[in-house]
Amino acid sequence: MSRTRRTTRPGARNRRLAAPAAALLAAALLASCSSDAPKDDLADDPAASEQAEDGDKRSEFFDQADYDRQLELTKATPEGPEGKPWEQMLDPASGGMVDTSEYAMEGGVEGAKLCFSNAGVFNPWRQVGLKTMKAEVAQHDEIADFTVLDAQGKDDKQISDIQELSGQDCDALIVSPNTTATLTPAVEEACGKIPVIVFDRGVETDCAVTFISPIGGYAYGAAAADFLVDEVDKGGKIVALRISPGVDVLETRWSAAEIAFEKAGLDVVEVKFTDGDPSKAKSIVSDAIARHGRIDGVWMDSGATSVAAVEAFEDAGEDIPPITGEDQQDFLQAWKDKDLTAIAPAYPTFQWRTPVIAALKILKGEEVPKEWTLPQPVVTEENFDEYYKEGMPPLHYGACGCEELPGYPGDWGGE
Amino acid sequence: MTTTTPSATTTVFAGVGRRLGTGAPVYVLLAVLLAALAITDPGFYEPDSFLAFIKRAAPLVILAAGQYMVIVSGGFDLSVGAVVTAGVVAGAEFYGSYPDAPWLLVTAGLLLAGAIVGLVNGLISTVLLVPSFITTLGMMLILEGAVFYWTGGSPQGVLPESFRSFGRGEAGGWLPWAVLACLAVGAIAVWLMRSDFGRTLLATGDNERAAALAGVRVPRVRTLAFVLSGTAAALAAVLVAGFSGVSAQAGRGLEFEAITAVVLGGVILGGGRGSVVAAMAGAFSLQALFTLLNLQGVSGALESTVQGFIVIAAVGLGAADFSRLRRRRSQPSEGKSSS
Amino acid sequence: MLTMQDVSKSFLGVRVLHGVSLDLEPGEVHALVGENGAGKSTLMKVLAGEYAPDEGTITLDGTVHAFSHPVQAQAAGIGLIHQEFALLPHRTVAENVFLGREPVRRGFVDRRAMERRTAELLAELDETGITPRTLVKDLSVARQQTVEIVKALAASDVRVLVMDEPTAPLADHEVELLYALIRRLAARGIGILYISHRLREVFDLSRRITVLKDGRKVATLTTADTTADEVVRAMVGRELGSYYPPRAGPEEIGEPLLTTAGAGNERLAGIDLTLRAGEVTGVAGLQGSGRTSLVRALFGAAPFTRGHMTVTGRALRPASPRQAIRGGIALVTEDRKGEGLALRQSVRDNALLVTRAVHGEGAQAGGVAGLLERVNLRSRGHDQEVQYLSGGNQQKVVIAKWLAAGPRVLLFDEPTRGVDVGAKAAIHTLVRELARDGMAVLIVSSELPELIGMSDRILVMSDGTLAGELPAGAGEEDIMRLATASDATPEGSAA
Amino acid sequence: MTAVRTEAPVSAAPRRLPGAGRLKVTDPVVGVWLAAAAVTLIGWIVVTIDGGQFMTQSNFTGILQNSVALGLVAVGQSAVILTGSLDLSVAYLISLGTLVAAETMEGGSVVTAVLAVLALSAAVGLANGLIVTGLKVNAFIATLGMAFILRGYIEDNYTGPAGDVPASFQRLGYDRIGFIPISVFLLIAVAAVLWLITKRTRLGHHMYATGGDEHAARLSGVRTRRTVIYAHVLCALCVGAAALFLASRLGAGAPWAGTEARYDLDSIAAVVLGGTALAGGRGGVAGTLGGVLLLSVLDSIFNQLSVDPFFKNVVRGVVIIAAVALYARPFRRRAKARDEARAKEKGALA
């Protein structure tokens, strides 16, 4: 998925996701990552994290409760202003609302200083996100100063960054953790000093005033899978393209899809890892076509490589089967131009606006939900035009919620 | 005087060694891999899919050819991966501002830019005497940083079909342009290495001082090697961009793949020995290996492990043959040196 | 003291030593001579434990040894001084002397002890110019050689010292110092095996001479009752008579091809010389007198910065080898492997290197065959890598390389260094032929006999200037007188 | 290696006095520390002009803290490079190290974890050494291959962060005495040990010899292969230490702890910045530390000025090239030629 920085070889930088996780997902992580049993089994059994469709394999990543809850939330109607998903919240009651009066700045939020420890801007999703966040800040004159430290994807550095920021005179600290587990201590330390807002990926502590994120991986994976289930006849051949093995949040997407495919009796003929590299993805799909003759559907755990997959079919002179992608502009473009049968679950970049809004709420003493779960839109034939924006760059994200913001579209590279 | 027994025989073995040590292993490896491919996927040798394979291999093969020039002259070029990434991104960025620029112009522009990067690498290494490993390592950081700094992290433009067809489309509907490019580069490389330039390049990599005293303009020759490598990288960028479109990580790790390919081809790091054909064969072997692992359905995760083992083994095999012969013949020849 | 009995050694099934026997007495200097590939060095390396013999025994002081590693040989008291030093330029003298056997105290290298002992050994050899902490790269070659010897002495209680062409890198006065050193070592009861091409040295130093040919021992002669001719005969089965080709008659000497006037640079001053077509000019001088600087300046490798120079009548003061080559000058350097050849390239590629680099006429590769014929190269085809050729044949390739460029002026720096007697003669003849063909030839050599034998006139250099000129056939004494006339610093400008 | 030529062909470099070339400002070791100081000063001025504070305690703490991980790796890397080899597998070894550490600590005691990590590192280092010396695979390829192997293993067995480091051990990553993080003392300790080994033990002397001139060293009875193997093991152990530190800092093992920070290339860069010749035989640990410090001071300055992260890379690249260009100058061509000759030998040997 687009949050991936996957190096194909050593010497290149990151090889993983700075990925999202709903609070519950974070819990799931606790369950999966730090639970010893499956992990140790794994260590002995190299085949384990292979895409084998065996049950115990899934049990390692799959958490029925989270799964059900996430599918639940997809149906729930969000509270909050219509048409402003970044201010909406799903089932805030579950985590309860937090009274933030203790953080309220006396004399109002005028001249507030916000600080942001960013995991990095190592991929288009994060770049679009950061632009969006900065635009949001620009909207609020009351924010006198907005300091961003970029960890360039280094946990070690982000820990130092958080320490440094909580040392400075920030009124509130926004954190987009590079890694769930490893930043917990640093965040806890910061919680003691200033109000902390965590978003995108979670941390294994609830000391943050609020944790902001969309619904999560199961919902994403299921949405895409269900679409194929509807479009493809029983027994149809499915190719599943995944970014990289053993990355928690991607596993949730895949495990959700796996269930759906099995239930519907679709035949998953290939499950391959693309490293998020289009040319590799294209090669894989071409090979798949060559070997299986006909492919009836393509499932993706992320958008980065979906266009390459589409082209693989074109170059092979085959019709493009139902395919899933993400709200990345190049895919939406292909969808429009080639009139694909497609669906694009989004992991919305508009969530980068919410932390700023939340921070101001907190500093005003207004209450915020402990777990601020944002809607997770899915781009379909019907709502296509809401997300497809003429003239935006190929690596732009439709669900940026940035259309109204100052500087749009220029600052996002559009014309 | 007569050529004495030791030198006589050792030359025989040296000859064998030269062939065994540098050439043979890679061709054997390639043959084995291709055979394995044929077994795993009977359809592999149908014209289309085989052409598709070559098409996919083309960028790496071209990179290897360029890398060979640098390595054989006694250097390293770690910047090629960055050149590819930069090339793809810059291309897209350029089209962002001038959507209907003629593809030929943009391609030429990229090639020129690649050549300039190579020129800078070369000048820094030869004039400032910075080891090329460091020069190109620095260049790698600079390019990656610069291009993303310029594009604010992600390119703004879309690559039009006209531009992409070179890496994506076919000539006459069946022969991929990439394959043609591959063949062309191969032909040029072979011709170059037989030309005066090629021979002096080898001599320079072998003994820089002797070359200099023979009137070889060493800095120029070595710089030219970097220019070729840079240009090849840019060409690879054009092909990659064509094949799979805009990507912010198009060239990631390619420098290591290219060097691995060249070494697989039996070219000695340090210069002075090795054939460009073998280097390109090394690239094909590597690509074949990737495809094979892919077809075999080796766990995506384990792929790199298998790859690691095979690379070490293959190079080890070549080195073993060669080094044994080197040790043997080194003895009498040392003997000579002192009598 | 030392006996090697019926030593045989084969490489890849090819015998390079056929049951060679040899014995050495305490305090004896025993010379070992023979042509290239005669097996001298192999024999010595067997002795020094670098190769294990296939057959035969090595007995030292009554105990039989079978060395499998140099260290064992060293421990047993056998030291080998390589022609090519095994020294680390960036380490100190002491560190080099004790490399591989550093004294250890409480787990750490005892540098003080190391340096003390080094100082002692240096003192024993009255070597004052070296301190244990000097970096080797800052020493002259001669002193580096001394360090090599000290290294051998420090290794153990050395009983046998093997010296492989020890004078090759040395200048004459340094050779004298080395002689003194060797005699001192011998006086201490150390047996010395002395490998050399230079019969004069052999006769100066040795008590006995063992001659090897094609891996067999031909004879062991007592120096006192033999002659150079006898030895050479034993080595090559050829008379010494045709050793040097006849000189040029006055009618053969033509117009000047290269002249300099008041030329100089940081090493040279006031160089006025004229090289004429058909003439072989010799240049003598002590180490550091500027001989090599002179040829390198003429060739543009270390260019003149002052003065005037003409080549074939046109004004040309080359600033780079390239210019010199274009002007028709060629230089055969003293360091064949380091500067003359690309060892891993083929004979053809080496022979064509200059034309390719300068004239870009590599295509006319046809001509090369004729040239290699002309220098009468012995090789297994033109695709053979030059590293497998003997020193003599390598030198012929170097010469062919230059002839391919069609030069008018040929500069030779130590043309026959590391070349055996047979090849020497061939090269000398060739040089003379080239002169006859109308080239101007300049030869720098530290071997006075060669210089006297080859030259039509001899220029003597001293302290970066031309100290004088001597006619053909001048005696060594006259040369040395001129050479040592001024206060040439013994260290010279060794880098 | 042939004798230094009697009359230097190309070089006009003035003759050095005995003992010169040490303790000189042109000496890279001195140079890099001066550079680090200079950069600090400049950074101070620039940041102050920019309206920030540079000479703050927290900032110093940050700089030191950020030097530790890279420092540990680079110190190890200098050992191999000195010996004329190279290690590109460090990044993945770190990742694996953190994982092993964290998981073992989760299950068993800290001690066993430390031992486990060091054992793992030693094993990998040994493997590298054996491949380079035994199979005669060029170090570049050998360790690159090792990197692939480790990577595959990690990806195949780990799914994101794993294990859990007890608070007691996390203190290593977080505690400090005054403004000095205690992990800095770990770095100093390791560096000191490496310094002693390289400068004061036989192994060290042999490492310099092997890197300087493999052939000469062997003729002098140095067991060059063994030396290379030891060097690789030493390097790997330092990497293990780095892994332990990172584990304590991250509180868990991270499969990307090493790769995302690019410790492989960065460590080499730091070593070279520190004036160690890539061809081997010259340089040392002291310089490397200077190089590391220089890099992290730069980073801190960029942080203070909140420079675009992409731009940082540009500057880093320029700094590395510029530094080495400066070092290359005093030696001049002759040294260059010699180094290349050596590099060549290495190429041919490995």
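Read from first to last, the chains carry the letters A, B, C and D; within each, the first residue is number 1.
Criterion: contacts are C-beta pairs under 8 Å (C-beta built on N, C-alpha and C of every residue); 3 or more make two chains touch, one makes a residue touch a chain.
This one's a predicted model, so the numbers in the text were calculated from it and none came from an experiment.
Taking the CA centroid of chain D as reference, the farthest chain centroid is that of C. Separating the CA-averaged centres of chain B and chain C is a span of 41 Å. Note: centroid distance chain B to chain D, computed from Cα atoms, is 28 Å.
Centre-to-centre separation between chain A and chain D, using Cα means, comes to 36 Å. Measuring from the averaged C-alpha position of chain C to that of chain D gives a distance of 42 Å.
Multi-chain contact residues of chain C, defined as those touching 2 or more other chains: 82, 84, 301, 333, 337-339. Shared contact sites, meaning residues of chain B that touch two or more other chains, fall at 153, 209, 212-213, 256, 272, 299-302. Counting partner chains per residue, chain D shows two or more touched chains at residues 9-10, 144, 147-148, 151, 153, 155-156, 265, 312.
Pairs of chains meeting the touch criterion are A-B, A-D, B-C, B-D, C-D. Interface residues of chain D facing chain A in the complex, by the touch rule stated above, are 58-59, 62, 65-66, 69, 88-89, 91-92, 103, 106-107, 144, 147-148, 151, 153, 155-164, 170, 174, 246, 249-252, 254-257, 259-262, 264-265, 303, 306, 309, 312.
Remark: chain B residues 1-15, 18, 195-196, 199-200, 202-203, 206-207, 209-217, 272-273, 328-329, 331-339 touch chain C in the complex. Residues of chain A that touch chain D in their complex: 5, 7, 9-16, 29, 32-34, 36, 39, 42-43, 46, 48-50, 60-61, 120-121, 147-150, 152-157, 159-161, 163-164, 167, 179-185, 189, 244-249, 251.
Those residues of chain D lying in contact with chain B across their complex are 9-10, 131, 135-138, 140-142, 144-149, 151-153, 155-156, 265, 268-269, 272, 278-279, 308, 310-318, 320-321, 324-325, 328-329, 331, 333, 336-337, 339-340, 343-350. By the touch rule above, chain A contacts chain B in their complex via residues 5-12, 46-47, 49-51, 121, 123-124, 127-128, 242, 244-246, 272-273, 276-279, 281-284, 286-287, 290-291, 304, 307-308, 311, 315, 330, 333, 393-395, 413.
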